[in-house]
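What follows is a group of structures, each given as structure tokens.
In what follows, chain A forms one complex with chain B and a second complex with chain C.
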Partner chain A sequence: MSMLELKSVLAKKFAECISNYTLKNSNELYIEVDSPATYDICSYIYQELGYPLISMFAADEKQLINSYAVYYVFADRQESLLLIVKTMVKPDEMEITSLSKIIPAADLYEREIKDLFGINPLGHPNPKRLVFHSNWPDGKYPLRKEFNLKQKLDFVQEKISFQKVEGKGVYEIPVGPVHAGIIEPGHFRFSVAGEPIINLEAQLFYVHKGLEKLCEGQSIEKCFYIAERISGDETFTNSLAYCQAIEKIAGITVPQRAQYTRVIFAELERLTSHLGDLGGICLDTGYGFATFQFRMMRGWAYNLADELCGMRFLRSVNKPGGIRKDFMVGKKSILLKYLQKIKKELEDTVDIIKSHSMFIDRVENTGILKPKIAADLNAVGPGGRASGQCNDVRKSFPYAVYDKLEFEIPKHYNGDVNCRMNTKIEECFTSISLMIQAIENMPEGKILEPVTKVEPYRFAFGMTEAPRGENIHWIMTGEHNSIYRYKIRTPSFCNWPALCHAVNGNIVPDFPLINKSFNLSYAGNDL
Partner chain B sequence: MFDIIKKIVKYPRLTNNYPDKALDSSLFIGSPEIDTDKCKLCGECVRHCPSGAIKINTVSNSITIDYAQCVFCVLCEEVCRSGAAKMTNKFELATKNKVTLQKGPWVIDENNIPYEPQALDALLQSKIKKTLGRSLYIREVDAGSCNGCDYEINGLNNPFNDLERLGISFVASPRHADMLLVTGTATRNMQLALLKTYAATPDPKLVVAVGACACSGGIFRDSYATNNGIDSLVPVDVYIPGCPPRPQAILYGILKALDKV
Partner chain C sequence: MNNVIYILVQIVVILAVAPLVNGINRKVKALSQKRKGAPPWQMYFDLYKLLKKNTVVSNVSSWVFKAAPYIVFATALAGALLVPVTSKLAGSHIPGDFILLIYILALGRFFMMAAALDTGSTFGGMGSSREAMISSLIEPSILVSLFTLGLIARSFSLPEIIMSVQNTGIPLSNPVYIMVFLAMVIVLIAEACRIPVDDPSTHLELTMIHEAMILEYSGRHLAFMEYGAAVKQLIFMTLLVNIFLPTDQFITLSGLLAVVLSLIMYVLKIIVVAMVIAMIEIKTVKLRLFSIPNLAALAFILAFLGILQYFILGGGYA
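== the complex of A and B ==
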């Protein structure tokens, strides 16, 4: 449905409840809605129009409109359109009607808003704390403007409660937050009977650093470096989403050469990440040879990053308005050499692992995420694409120069570890091909259009396809080139609940394997 | 099977012989340095530094970079008008005393009080080296990093670094460990877990802080949910600056803790 059709449909159906339509940045349609009608409008958009809820957040806009605002972000992925429902929450009310029963994906967002703003979702099926653990005192909400960033609150001694599964022979296995492997912290509570898992509850947010609060009031320049450090292995894609939002607000057109360079770095990051994941899957099935093959290729990808920019994690490559330096001058031959080497080795290794029946036996039909659940939870990235959700921001909301390059999105439907592995293998080859296309077609010219000043209280979305999937940042600028509100929604936030569904019915020893096939970021989820 | 053997023959050894053989670091972006002769103390880098690592002492008219806080972002080099700030390719920056990470004279503020090993500890230290000199078991604890440091620690196990050739390996439980390798700022929610892990590690033990966050809080300093470095909770033996430090920089730090470099 086009923008105009959508507008008329909404205007016809909800004429009295919608007070304002604003179109921003060519594809973001904001509609302001009276709070009592929000529930009806959102459920209409979700159920009748079929737009998924891709993000939801609140902002403290007391200084501007004497009220808090809650934004529900729906996407039309065919038309590259974002439909944002904005509703006001008065400081003396602090309540919204929960949408979780209709839109399962809203569950976590509502709990997040409750923890950070104190806006209560009425009728929420499971209003347990999300961001804060039991050590956090009641009645303290960090994203309210009056909350002092540097305040260290006292620890409260209380126990965290977990979902109980009861019955004969049912017992619990607590795991974490410090794990046996070298991974990030999170607590998993398995309820099992014998070997199969009945229920998994993931207690995350151990690495919550208050990142969104840290950015508020800071300069645009400084927040860029914080955006790079949202999730270490997704440095480039997060910095790119940040830059895109700032560039939209500042009204800057990024030079073509910088856009092509950004494609190369974004795909290099995806390749590095996927090679690591493939190695991890092999490691968790005890397949040593293949693990080291993938680790070797990942090592080459890091060497390539060193050759191109001197930073293994591609930090300080982007800059709002373009890229920091012309990294690709004279690097074509070395880039092609590395890519050919990786491609050859990847082809050989994939042939070997796929002809190994014991390995395939382990990954096939393990950890199935059903397409229906994936759709309900808005599962994104390779995890979603392996379960029939063929969405990719590079196609649905093209950025940089992806609309000029040729590539296919992998489609798989079984939703098991094997499908996720195959998705990642295919995406590795796509990334290599995209990098080659980008370097071949790269024009000469400028690499940076500096952002000097941004207008206060403007807002925009920055969207990228991170290695783990759809990545959405929303920025509202403040006065004197600062950030007023920065909402980060990384793909991991959507996919953690999907992982918890995928493990049900599998045996506990397969959990590391299923976990690795998603390879979600804890830091990107916890912020 | 034949394919596998072919591959093994094709890549017999990929491992760098670091630290016996120095690494070619010409491509690396390492620590920034300020040439005090060229520096005009204009304060441009201080205003821009995203982690507040550069400070000017107005009493002694001098400028310093605190590598414990520096995130190696290249911005100081970019904004410097007199060409005094330059990125070097130095990466072996690990040190036992936090104060040595601050180049030049420094006013120590409340948050920066370094951990001073006491007499008993000093004795313990020498015992540790005797006991653990030949083989070392490490438990890694992520206490709130962005996962960059953790991926680099993982990198120590890849075929290029192969930590086990030095008799060092990672273990699954702190109860089996001699050394805790801690990354991250020690967030509010990880605080208790870090203290429990420390308590669960048998004495004698070593603690190494990996990355700017663990050394000082880095770019995430002074938030309601973070601590300014793990040394506010547990005693630290070696600090490894970097954001994130390279695998070899971490290896250098581990060996430094054992007095092997």
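== the complex of A and C ==
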């Protein structure tokens, strides 16, 4: 459905409830909705139009409109269209009607909004705290503008409760938050009957740093560095999403050469990340040889990043408006050399692991995420694509120059570890091919169109396909080139609940393997 | 006097060689992964370091937790006395047959599992239950295998079994021995907690079996636990090399020189077997926990075919 058709459909059906239609940045349609009608309109959009809820967030707009605003972001991935339902929440009401019962993906967003803004989702099936654990005092909502970041809060002693599974022989295994490997913290509460897992509840947000609050009031230059540090292994993609949002607000067209360079770095980051994941999958099955093959290739990819920009983790490559330096001058031969080396080694290794029957036996039918659940939870990235959710921001909302490059999105339907692994393997080859296409077609020219002044109270989405999936940043600018509200929704936030579903019915010793096949970020989720 | 020498030789050789096996195993694996790896004698340093360290003991644990490392080590060492490393001293061995060996090791295993439950930690219980499952699955295979050998040798004493195979030429040319040998290899892998049954190098507690049981141990206690496990592993390897790959019959010398020569051969064979085990670990991946019964069943079938063939072939080789 095109933008105009959509507008007329909505206008016909909900004429009196929708007060305002605004089209921003060519594909973001904002509709302002009276709060009593929000539930009906959102359920209509979700159920009748079939648009998934891809993000949902609130903003404290008391300075502007004397109320809080809640944004429900729906996406039409075929038409590259974002439909944003905006509803006001008056400071003396602070309630919304929960959508979780009809839109399962809304569950976590509503709990997040409740913790950060104190907006209560009425009728929520599981209104447990999400961002803050029970030691956070009541009535403190950090994303309200009046919340003082410098204050010291009381520590509340309270017992953490988990979903209870009862029955003969059922017991709980608490794992974490501190784990044996060098990984981030997260608590997993397994309810098991012997080895099979009945239920898994993940308690995350141990590394909640208050990034969104920290960004508020910062200059757009400074905020860039925070965006880059959201999650260590998604540096480039997060900085790119940030830059794209700022560029849209500033109305800047980024020079072509910078766009091609961005593709190369974004794909290099994906390649590195996927190679690490593949190594992890092999490690968790005790396949030492393949593990170290993938680690070696990942090392090459890091070395390549170092050769290209002097930084293995791709920091400070981007800049709002383009890239900092013309990194690709004279780098074509070294890039191609590395990519050929990685490609050959990858082909050989994949041949070996795919013909290893014991290994395939481990990954096949382990941790199945059913397509229906994946769709309901809006599972994104390789985790979603392995379960029939064939969406990729590079295709559905093309950015940089992805619309000029040729590539295919892998499709798998079984949703097991094997499918996720194959998705990642195929994407590694896609990334290599995209990098080669980008360097071959890269034009000469400018690399930066500087962002000087941005208008206050403008907003835009910056979307990228992170290695882990759909990455959505929403920025509203404030006065004097500052950030008024910065909402980050990383792919990990969508996929953690999917992981908990994929684990059910498997046995405890297979959990690390399933977990590794998703390889979600804790920092990127906890923010 | 002869017994004293025998016991001394057994203890010294077993204790000296046991850590080397792990070292060689890790070195071979490292080389397969394009790594240099630690030197083969790394485990000696590790044990020395751990023995110097203090132990941290949970204050909710009982005496079982503190006693278990010594019991595990002591039972392993006692088991080692029943498996002669060289037959050149075998005229003077201490009484006891392979049934005693199996169950003396089971005693150590029992205390290890009890100690893992004792602290009430998350992973200890999981380790214990998995260990109990695997050991009960693998026990029939080892018993049937050794019974077969005992029937051929007409004795359940391991020194006599080892002596008897030396008179049979090349044991591995005999179908009975081949079946039993393959069963014993699987038993060795399971008992030594090697891939594909268990992954000794994993950091993932949820997948661990043996490692999960000793997670709570530190310092001296950990040293004894690890040393005990290494000795137990070496016992099974000794059985394997001395029964199926006998070389002592080629040593025609006598006296001290024969013993030394025999021991050198023994160490070389152990090194070869350690490398072969490492190769098996490299070539396989860890089985799904619920597939381990299939492997145990395979071991049992092989052992059972061995004993069947013994009866069909009429007294095996003899």
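Just so it is clear, the second predicted complex is superposed on the first by the 527 of 527 C-alpha atoms of A that agree within 3 Å, B and C clash if a C-alpha of one lies under 4 Å from a C-alpha of the other, contacts with A are read in each partner's own complex, and residues count from 1 in each chain.
Assume contacts are C-beta pairs under 8 Å (C-beta built on N, C-alpha and C of every residue); 3 or more make two chains touch, one makes a residue touch a chain.
The structure presented is a predicted model; accordingly, all values stated were derived computationally and were not measured.
Applying the stated contact rule after C-alpha superposition, one finds that A:24 touches neither chain B nor chain C.
Contact with both chain B and chain C is seen for A:289 once the two complexes are overlaid on the shared chain. Judged by the touch definition given at the top, the superposed model places A:307 against chain B, while chain C stays out of reach.
Residue contacts after overlaying the shared chain place A:358 against chain C, while chain B stays out of touching range.
Once chain A of one complex is fitted onto chain A of the other, the partner contacts of A:180 extend to both chain B and chain C. In the superposition on chain A, contact of A:510 is made with chain C only, not with chain B.
More residues of chain A are touched by B (comparison of chain B with chain C).
On chain A, the surface patch touched by chain B in one complex and by chain C in the other comprises residues 180-181, 289, 292, 296. In the complex of the two chains, the chain A residues touching chain B come out as 132-133, 135-136, 142, 147-153, 177-178, 180-185, 205-211, 213-214, 221-222, 224-226, 229-233, 235, 276, 289, 292-293, 295-296, 298-299, 302, 306-307, 309-313, 315-316, 324, 348-349, 351-352, 521-523.
In the complex of the two chains, the chain B residues touching chain A come out as 3-4, 7-8, 11, 14, 27-29, 48, 50-51, 71-75, 78, 89, 139-155, 157-160, 170, 172-174, 184-185, 187-190, 192-193, 197, 219-220, 222-226, 243-244, 246.
Across the complex, chain C is touched by residues 173-175, 180-181, 195, 284-289, 291-292, 296, 356, 358-359, 361-362, 366, 507-512 of chain A.
Those residues of chain C that touch chain A in the complex are listed here as 29, 32-35, 122, 126, 195-196, 199, 201-207, 281-282, 284-291.
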